[in-house]
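Okay, got some structures for you below.
You will see two complexes here that share chain A, one where it goes with chain B and one where it goes with chain C.
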Partner chain A sequence: MSLLKPFSKLPGLCTANILLVESEEQFQQSLADALVEETAVTVNVRLAKSLPLPMENEESRPRIDLVVFIINLTSELSFQSAEASLKYLDPGYFLGKVCFMVTNARNASVPTERLDAVRKLAASLNCPLLFAEDQTPDGVTNATERLLTILKVAAGLVPMATALYLSNLTRCTVPPDIDQPSFD
Partner chain B sequence: MAAKLNLSGPPDSDTSSPNDQSVSSRSSNRSLRVADKERRKNEADDPFVLALKYFSDVEAGTPVYGNDDVERNMVLVEKVAYSKGLSPETISIMLEFAMSLRMGTILCPRVLKCLIPATVVPQEAVVRAFVWLGVGKIPVSTQILFIKWVLTVFDMIDAKDQLRAIYGFIFSFVTEENLCPFICHLLYLLTRKESVRVFRVRKLLELQSKLGRQPFLLNLLSLYKVFCPELVTLSIPSRIKSVFRNHNMPWRSALIAVQKRDGSQAASSISLASTIQDKTNPRKRKHCHLVLPALCSVVNKEAQIEPSSSRKVVPLVQLHSFDQLLENMHRIELPAQMGSLLGSSLALQYLDCVQDESALLRLNFWLGYALHEEFLFCGDGGASQNSEEALQFLNKLLSTQHFLQEGFSSSEAFLYKFLNVWDGSLLRPQILGLLSNIPVIPSSQIRLLLFEPLMQLFFTSSLFFKCGLMECLNNMLLKWLTWHSVYALEDDLDISLNSHTSINMTLSGFKDSVMELVDFVGRLASVGLQLEGCHSLLLSFILDFYETVCDTFLKYGLPLVVIPPTGVFYPALFASDPVSVDRLAYIMYRYKVNLTSAKSQEKEQAFHISRQTFREFNHYATVMVNCLWNSKMFQPGMGIQLGEELLLKSNVPQYWASFDLVHHPAFMSYAVDFHQKCWPGRKDMDLNSIKHSKPWSWYLEYLFSQGYDGLKQFVQSNISRQKAAGDGQGNSLST
Partner chain C sequence: MDESTKRLLQRLIRRIPTQMLRTTLDKWGRLTGGQLHSMDFTQSKWALTEKLLAICEENELAVKHITELEMIYIIDNPNQGMWYAFQLMDPEDDAHSVELTQFKEQFKSHLRELIRHVSVKIKKHTDEAVWIRIAWGDTFSRPNHMKPTYVVHSLQTPYVFVTSLTSKQKPLLSQALVLSTRYQAIKDANLSGRKLTAIRDLLMRQYHQVFPTRYPTPLAENNPAVSNQHIEKEQAESAANRLQAACEAFGGGMLPQLQSAVYKLETKFRDHSNKTMTEREEPFRCVVKFASTNLLESLRHCASSGTKNLNCLHPCHTSALLYPPKRKELFCYHRQWPRSLLTNAPTTEMMGDKHLI
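Showing the complex of A and B:
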């Protein structure tokens, strides 16, 4: 049981490390495969089912630049697991080094309350909330690109931009309560 | 089958009412008769025909429990229903059986659930069923089920005239609290101008005071208001919270399965199994297809034949040319499936020029529903195997909107929801295309509806998305401005945008919205350029946008000038490609022309351009002239200031000249080229020698001859060169 800290280790040269947390372990593998294809920088991908991370690899584990919680909206458990994992992160991570990625948001079986709950969670932590189409190859490629965009900034590889700066622009806002025609 | 034969038969059979299409009445054609005989023989053995016979003949009061016959026959009918769908006659028989409660109330829901039409639903059967509904023995839940069924198969009912004839009868059910939402939906679909009466409006208002502002009542009332604005004085919110719910649970998927199988003959036992599974799990939806229905007539055959009919209507499908459309404009019958309008340019022309808003309302309703079902509420979570279908559908929708030159309000509402769950790549060109068509949003809502979701997408997505979004926002602005210049009224105070949705906006409201949009793009552009390292592709799209912005006054008559932020101006000025600098020069030139013209008209036309805008422009113009022309970079009072020691430390020789037209990284290669051409013999290159009066003007000529017209216009409008070259003046627009 330990807190994961953003600045406890030194960064590597031209290296970005990303941690994908997903309780169902479905989407993270395909994402990881696509992420390591990146050639401009060395991307290390770490996978976890939930936090806290085990103690044994503590020494060899690189500094994690970005933590991504993948939430499958069709499963309540997936959301609860992500929520429970959050408290094992050092508060420093919430300055732009955490993001949520949601899958299956357009599914008919998703209760709207769950999407709202995820939005509220992301908004309360000032984190970006990304939506991904995990079932099509194009969707996976796109999700990878977007994660890399954030990761490069979080790892300090983009000049003139910091993680906090970017997250200030991309963070999720309060769930929209739009007075507009809806069809459900 | 029977109906078709009847039509092609001899004239005398036309006079017989459709109800007694008994086989024996067709007697003239010998071969037909033989075929009939054959068929009857087959039918006699067919257990399905026997089952139908059982249901049509069964006596009232026959017990259900322990009755093996009814169970066996029921299973037979269900099997046919879920595999092939039921013929019109079968539907009549089964509906009659169910609604008459001949075997009690238990079987009724079960029968209703399997009423899946193969082709059409006969109108008479529905009317009869409504009559049974009036008898009052049917439990409420079954009554609701029946109306839901009617709503689901509404488009497949072969004619609507008799249903419209009993409008008042159907309306009377509105007082039953549980039925009310569904009845309202049905009435919404049936309402015509003549059905709107004072007493009905009064009844609905009375209900509204009792039940509260229910969306279903509001929707029906809004339709009434469209038809007869003088009868409905109630103010109806422009955006009603929710339109009618979907009542498709038990039938929709089975219906689609049946229709799909009809379309593609690849029927197999597997799909049969899957439809039956669907039935056991009604919540599971199948992807409904987005294929646009063909334009088809719904007008009853008798109505066409009867010449004495005073209200003769002409279905759109019978019209083939624009002339015909013009002749029949006043008596056009809209198709039952409004979606079919999208495929026909004639129908769109009708939509565009007709004042009747009910057509657009119905189309919007259908469209909103289809978009919601297909893209926001997918059965399989969006693993769209039918992405080809979705693509074609959206392309069709886009071309329709281009044809009409305005967006549909339902696609607008859909987009606001979709942007919140979009991953930024799914159907990107189509979504961005639809987005650029949305009408002006009031500035109070624009942030929430548009900016928040777009900002998150923009900053987390790739460069190409950023460029795509810039292009989309540029198109959006162009359309808004065009609408303004077309619809702005004479007195310039009130513009009504988007004639059909009748959003009225004051000029200042419109200006606020445009301002918000331009500011938003300015923010996106500044930070986007910073994050992408001033990528020239992105810069080019951003300059596209500002080419629109700089001409708002002269081209579109909008008294509003917004100057680009520093985050756009400086990256463009110091860009390493000459095209960007040239375009910036053109933009600054247009700003100057717009501002001078606005300044001269300000007095007579009573508008005001902020002095701050002039000041900002003058500042930029001075910076540009100083930097490109006068070689006076980093002077105090300019946008960029660096400490003297720091500049010396950098060891750049003549740092103040490093961005003039000779040394600017974008033009350096031209300077070198010019130098070689001008002094071919010289061994050592001295670019500074270009700055002498004569070579300088030659150099300018040389640059302009390379196609840098923007630069030329900028120089000609801002710099007066009576005196020695290199002694240009700053801009002289006083504030």
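Showing the complex of A and C:
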């Protein structure tokens, strides 16, 4: 089984590499365009629909510092695809190098169970859960800024901060009454 | 101008959106330059209507001029109201040599024979289509211009598209059409929709994908350069393969905008946990409806994005949507339905009856 390993390659100088995994392949493109605009650091973006990644790219692929799973809450397929991709990541990634990003959380047609399931998944893996708005350029910019903050730490470019330390502060937590029925 | 003419004009102006009003009036050509200039298109619709009424009174325009204006507007904006497609059957020997003037005379005379008070206006559009506007009256009353029927027919093809036709008027129109086009019968083509352009393209196959072909892979030099050297797609090759397969089935260009397809399905139940239903003798009859803003485009997108559970992407299934039902097609099923309800055995037959809504 070809696992993606976090530390098997050497890092680049002043470079951060991010992998965006999204089943629909929509939001990742606009995020990628915004991420490469960053000037302080060279950001390389790899886009994938799901894991595992093809073996052919193994040598040319740089060391991936942060893996972001983009889940569209209106689609069950999106969630399932992200869940299925998780097993192709080396466990070393789950020490702060994985992040979940969720879109369309405000959509009325989203069943609450799905968001709860994503929350529980993120909490069980000790990963941060970000909510993003993908339809407007402002939303894309906001999501990009937050990703860049986590990416810089995960790539080791921020002194005195490591990915594991940051993930302890930002990881998703599940309120103890999540399984109680809500009031609406 | 009498009351009914005024009302007709008022209704027409209300219908035409303000941004199109100027160009439509221009095309109409019944207003002099000065009159057109004097109309202030930033005013409210009501004010414009009053102004136009005054101008038309001044020019002493009659009902037939107003109907001209209506026809111009409808020809430029055909995608409203429900259009129904009909097909003419069994051409006689001289059906293919019917030309415009002959058709016009014959159609008008046949229709007038059938119903005395009828007002017919025929106009040939630039793309070979003949547009006919019919206002129906009966033996005692004058033609009602408020509810006209529009008919579009391309002379060398057996297809006719009709809108706003009541069941009483249908046999009269059918007879007149059949006699004037020198065919022997007319039947319902089972295709209807709001977008005339879409159903016309579908029926007359003006879009390019006729059957699954080897879609030419684009040359590497023709491809636009990768957006940014820092962005790289991991699974680019499999994405390209999927896109290739989708284009082979659907074609690469614009697809006619099919919005809903309704099929009658006869199938057998298959679910081992439910013996009573499985052991029924008669086939299961149901109606299947596919709806989307653009069905063919969404199917093509499903294919290219690799939605694995959607098994309806075999080219001959897609051709079921593309051709009006003359043959029995294999049925395509959607993953959200209970699998037990449907089988994909070739014995399943489907009678297609497509409506574009």
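Here is the rule we use: the second predicted complex is superposed on the first by the 174 of 184 C-alpha atoms of A that agree within 3 Å, B and C clash if a C-alpha of one lies under 4 Å from a C-alpha of the other, contacts with A are read in each partner's own complex, and residues count from 1 in each chain.
Note that a residue touches a chain if its C-beta (ideal position, glycine included) is under 8 Å from a C-beta of that chain, and two chains touch if they have at least 3 such contacts.
Quick caveat: nothing in here was measured; it's all calculated off a predicted structure.
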Field: Combined model on chain A where chain B meets chain C, clash or fit
entry: fit
Task: Using the touch definition from the top, say if A:Asn44 reaches chain B (first), chain C (second), both or neither.
output: second
Message: Between chain B and chain C, whom does A:Cys172 touch in the aligned arrangement: first, second, both, or neither?
response: first
Query: In the superposed arrangement, does A:Ser124 touch chain B (first), chain C (second), both or neither?
result: neither
- request: Report for A:Thr112: first if it touches chain B alone, second if chain C alone, otherwise both or neither.
  value: neither
- prompt: Which partner, chain B or chain C, is in contact with more residues of chain A?
  reply: B
From chain A, separation angle of chain B and chain C (C-alpha centres, steps of 10 degrees): 80
Message: Going by the contact rule set out at the top, does A:Thr74 touch chain B (first), chain C (second), both, or neither?
response: first
Task: Could you tell me if A:Val153 is touching chain B, chain C, both of them or neither one (first, second, both, neither)?
output: first
- prompt: Smallest separation in Å between any Cα of chain B and any Cα of chain C in the superposed model?
  reply: 8
- request: Pick out the shared contact residues on chain A: the ones touching chain B in one complex and chain C in the other.
  value: none
- line: The chain A residues in contact with chain C across the complex are 19, 24-25, 32-33, 36, 42-49, 53-54, 56-57, 61, 77
Field: Touching residues on chain B, where the partner in the complex is chain A
entry: 237, 239-243, 245-246, 283, 285, 368-369, 372-373, 375-384, 387, 409-410, 413, 416-417, 420-426, 448-449, 452, 455-456, 459-462, 527, 530-531, 533
Statement: The answer for chain A against chain B in the complex is residues 74, 103-109, 115, 128-133, 135-136, 138-139, 141-143, 145-146, 149-150, 153, 158-161, 166, 169-173, 176, 178-184
- prompt: Hey, which residues of chain C end up touching chain A in the complex?
  reply: 227-228, 230-235, 237-239, 305-307
